[in-house]
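Presented below are the structures under discussion, each in the form of structure tokens.
What follows is chain A paired twice: with chain B in the first complex and chain C in the second.
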Partner chain A sequence: MSTIVIGLSLSFLLFLLAAGLTLIFGMLGVINFAHGALYMLGAYVCYQIVHWTGSFWIGLAFAPLVVAALGAAMEVVTLRPVYNRDHIYQLLLTFGFILVIEESVRLIWGLDYKQVPTPDLFSQPIALFGSQIPSYRLFIIGFGALVSVLLFLLLDRSKLGMVIRAASSDSEMAQTLGVDVAKVRTAVFALGSGLAALGGVVAAPLVPIELGMGFSVIIDCFVVVIIGGLGNIKGAIFAALLLGMARAAGFTYAPEWVELITFVLLIVTLMTRPSGLFSRKGRAA
Partner chain B sequence: MHRRTFLLSSAGAALSAFAPATGVLAADEPADFHIAGILAFSGAYGIIGKDMRQGVELAIADRGGKVLGKPIRVSWEDDETKPQPAVQKATRLLAGGAQMMFGAVGSASTLALQGLADQRKIPLLVTISADDKITRPNGSRYTFRTSNTLGMEIRMCIEFAKVKGLKKIYGVTADYQATRDGWELFAAEAKKAGIAIVGNDYAPLGNRDYSVIVDKMAKSDADGIAVIVTGNDAVTFLKQSGQVGLNKSKTQFGPVLQDETLAAAVGPAAVGVYSGVRYHFTVDNPANKKFVEAYRAKYNEWPSSFAGEAYDGISWWLDVVESTKSWDRETWVDAFAKSTRENSLEGKKVMRGCDHQAAQVGLWGVVTEGQAPLPPLTMKITDVFDASKLFDVCS
Partner chain C sequence: MSMLRLDQILMAAAVAAMIVFAMVSTSEESLNLISLILIWGLLAIGFDLIFGMAGMLSFGHAAMFGAGGYALALLAPQFGFLPSLLVAAVAGAALAFLLSVFALRVSGLFFSLLTLSLAQLVYILASTKLRAFTGGLDGIPGVLRPALFGVDFYNNRNYFYFLVVVFVIGVAIMALLRISPFGSALKAVQANDVRAEQIGYNVQRLRQCAFMISGAYAGVSGALLASLMFYVSPQMLHWSTSGDVLIMTLLGGKGTLLGPVLGVAVFEVLKEELSQFTEHWYGVLGIVFILCTIFLPNGIAGLFAVLGRGRKGASK
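Here is the complex of A and B:
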């Protein structure tokens, strides 16, 4: 039973990491290679806020906003002029973002490790199903579930979501109907960047904060997005649950096979459902 | 005309590329003593490269910037912790006349440089990479390591388990060859010492979630947790084991599990964790006191194990080169293979001619809360294991 609880925490952490990537691809058609760098930046900004204020919760609230604002600026200045060009230009641009963000982080915070402590509220383990479960893991499950529900409601049930989807599926028609497509795209990129940073903030008490941390998550993010179906939030939730549970079971019974299990799931998905388990019909933005 | 120019310059380039391999030209006096410094200056290991560079630069400054009457010049290159850039950049520096190589950080890069060292007959000084394969009997003539091997650090773990009276141990090992070999050595030595192994999990290198493994450890009846991982993986493991209080119920230890840099990344959960220590600024001898004072004066920080080992290794090497009064690299190699460093920062070190590994004591410590001006989390040296317990006989 404890494996299921741990599996859920792995799943929702994976979802938080991948949500921004799938959102940006789903709504803008941009494969954001800089997602890992934005995740890292979120963790560093959170570290700085915690360093100044002593509060993880202020970091959780503000670090994603800071990175979202940066994401908006990046979109306006660099991505906006290349939406109508070939995808390769967007790929190159987001790859360039990685270099700029990493070098900036190195200049601001240096090379040494940074540390964000577990918030006091969740610093003690809880006895559950015969195991000592870190209460911070339970927070991740609850917070991840909340974010997934909010995202689902925002994109699938709200008027704003309808506008975003309209701008995504037929931007010219949406523009004709009075939708400011440019602003919608900026908002979506900012939201995706903020979600990447949110993943970094939530992961910060679990992992070392260092320059390479973005690289280590980007592969997991892409695995979740590909299995779930490019650009599909529901698919991302399902894929994260599938991967998280498979990993928890793998670590319980055969830790050295965990990486293999992950990639077997990816390969099986690509062979049987090349567009992912919950694929959308395509993007037109 | 163009064809002739091309052929002449090609011939010149080829000559300059192969010239360093010839003993005659190597013995000629160049304008300076050129060191190819191949370290990691970017990514997760960038901080190690930075510290090592500081150690080397201080060592050079200490001797007035000269050896054999010529200025010492170091060309630093970032290998990005990858073998291919390491070899490419070192090759370029050797073509430019470098007389020796210093580095690398990661063992994979160091093993790649070792191939180059043998091929070009250029000495390679290693002061941090710990893979046992780097120094082995009848191995590379041109490679010398003045720092610890993983094997000796694994033996320190066993010595510690005996001293601490641990009876049952659960291990977690990074899933790559050097650490797998390390775990097998540990398990074999534990068996000889009557210590039971109650479990071991191989975790992928770069693993970001140890919660399931930590849960298995917490549920086991082990009194010791052997953590054969290092760097980011060590930080991640200790942060996550701290969240369930594993550090309160079991003794966590590992060959290169903690130092001040890693402990700062872990935070309070690092307190009480035991680890092998390659060098430490609290070692009480005149050479180390002088070094620490100079290092703090120059860089305004405590020297890390990377800085200390780099300073110690390059100082030893340059002293031996000076003593040969020769510019012949073969003479340097022969002299270093037979040398002893009586006043190293960690005490006496003896270069073993059989495998070019420095035999030395093993430092072992525990993370404690430091009082200013020490770092907030400081290693306290608890044991110094004799070299005879840590190295196989080698002839």
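Here is the complex of A and C:
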């Protein structure tokens, strides 16, 4: 039972991150290498807010906003001038972000591990089907599900979502029809950065907050979007579930090999369906 | 390929001047710095074969670089230095082949993600599962230097001459490759892979060959670094190695023979100078990198090209 709970909470965490990554890719055609760095930054900002206010919930509310604002600024200042160039240059820029963000974090918070305490409301484990379940894990599952539903509603039902989808599938046509594509790009980059930070905040009470946390997560995230098909949010949720559950099962039954599970899944997927399990068109990019 | 252009001669002169400087200078520090530049330069030259010529952005070169280092560290005591250096090249190429079996099933940005993921797999394997061979996170100390013609290569100045010889051979081979039909074919693949396929090129095979040659350069370069430092560790396999070589190549100018070497030189000198002022030099480097990506997409070689032509427009 606890394997399932841990697996699901891991899945939703991965999904929050992968959703941001795949949204940005769908809209901007950019793979945001700095996604893991933004996740890490989210956790650090949350730590700082908790440090000042003592409340995890204020951190949950504001840290993603702070990082989203930063994401918007990065997009406007650096990415916007190079959209008409080869995609490689945009990827290179996001790689540059990693260096700057990591170094800034080191400058501000130093190298020590930081810790965010589990919020009081969820600090006690609860008994479920005869096993003790950390209740914070249940919170992640519920919260992750809520955010996923909101994200689907935003993209599928709202006016803004329609504009985003239109601009993703044909930015020139959308521009001609009066959509300010530049603004939509900035908004999507901000949304994606915010989602990454949200992932970082949610993970903050579970893991030690340190500089390397971004990179270890970004690989899993890449694997999720590759398995799910890049730019495909519904594929991402399935892939996140697959990877999250596989890792949780690995922790329980074969802890020696858990680091390799991710790669096995990746390789098997690529050997069978090179463009991802749920790709709509042929090969992307 | 056109005749030698002025900018290429200028770049060659700059690299030659750097080597001569190391020879006449008595400073151990600059000797060490320029040794590093030659070694990383080989890596960058090989990296540019796929990045600048074939348009493939690999984030996995750390794997081949490290493989070369480990190959030399493990084999040199038994088989001698030169054979092991050769094996390091083969190991780099073989690992590149293995990665390409998976990574070349996809193209474009996916290729970058996959090479990154697979290189990370190699990093994890080397630091945990293969501890018996690789010494885990501690690495392998006491990597040998060459023993040839009775020269003492444990003297850094003598080892530097050895590096110069390997470097010049590496550059010469690459120069020939670039003007060979193989080089032109790679350019065709970069410009338009569908059209190249239609003309009759086997695009996948070309990409795979280029990746393997690039892997061999990475292997040799990793072996030389291990020998310079007397030490090899998983740090060489870390993804930041792949990132560094990318920064160097882009700083220097992708798609040019010697541009990447100049990029390495600027990177290493910046690192040396910046780290004296601030421990946060990597962040400053990140900002320099971002600015170069936006404003100087052809790197230092682009500046040379402007000099060489005396008019606007860098080579594309």
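By definition in this document, the second predicted complex is superposed on the first by the 279 of 285 C-alpha atoms of A that agree within 3 Å, B and C clash if a C-alpha of one lies under 4 Å from a C-alpha of the other, contacts with A are read in each partner's own complex, and residues count from 1 in each chain.
Keep this in mind: a contact is a pair of C-beta atoms (placed from the backbone, for glycine too) under 8 Å apart; a residue touches a chain by one contact, two chains touch by 3 or more.
Keep in mind the model is a prediction, meaning the values are calculated, not measured.
In the superposed model, A:L206 lies in contact with chain B only, and not with chain C. When both complexes are overlaid on chain A, the residue A:D180 reaches neither chain B nor chain C. Within the superposed three-chain model, A:E259 lies in touch with chain B and with chain C [touch as defined at top]. Of the two partner chains, neither chain B nor chain C is touched by A:E172. Residue contacts after overlaying the shared chain place A:T118 against chain B, while chain C stays out of touching range.
In the superposition on chain A, A:L230 makes contact with chain C only, not with chain B. In the superposition on chain A, A:D156 contacts neither chain B nor chain C. Shared interface residues of chain A, touching chain B in one complex and chain C in the other, are 106, 259. Residues 42-44, 46-47, 50, 175, 201-204, 206, 208-209, 211-213, 215-216, 218-219, 232, 235-236, 239-240, 243-245, 261-262, 264-268 of chain B touch chain A in their complex. Residues 2-3, 6, 9-10, 13, 106, 111-115, 117-118, 123-125, 130-134, 136-137, 203, 205-212, 216-217, 247-248, 251-252, 255-256, 258-259 of chain A are the ones that touch chain B when the two sit in their complex.
Within the complex formed with chain A, the chain C residues making contact are 55, 57, 102, 105-110, 112-114, 116-118, 120-121, 124-125, 128-129, 239, 243, 246, 250, 280, 282-287, 289-290, 293-294, 297. Residues of chain A touching chain C in their complex: 31, 78, 81-82, 85, 87-89, 91-93, 95-100, 102-104, 106-107, 215, 219, 222-223, 226, 230, 259-260, 262-263, 266-267, 270-271, 274-275, 283-285.
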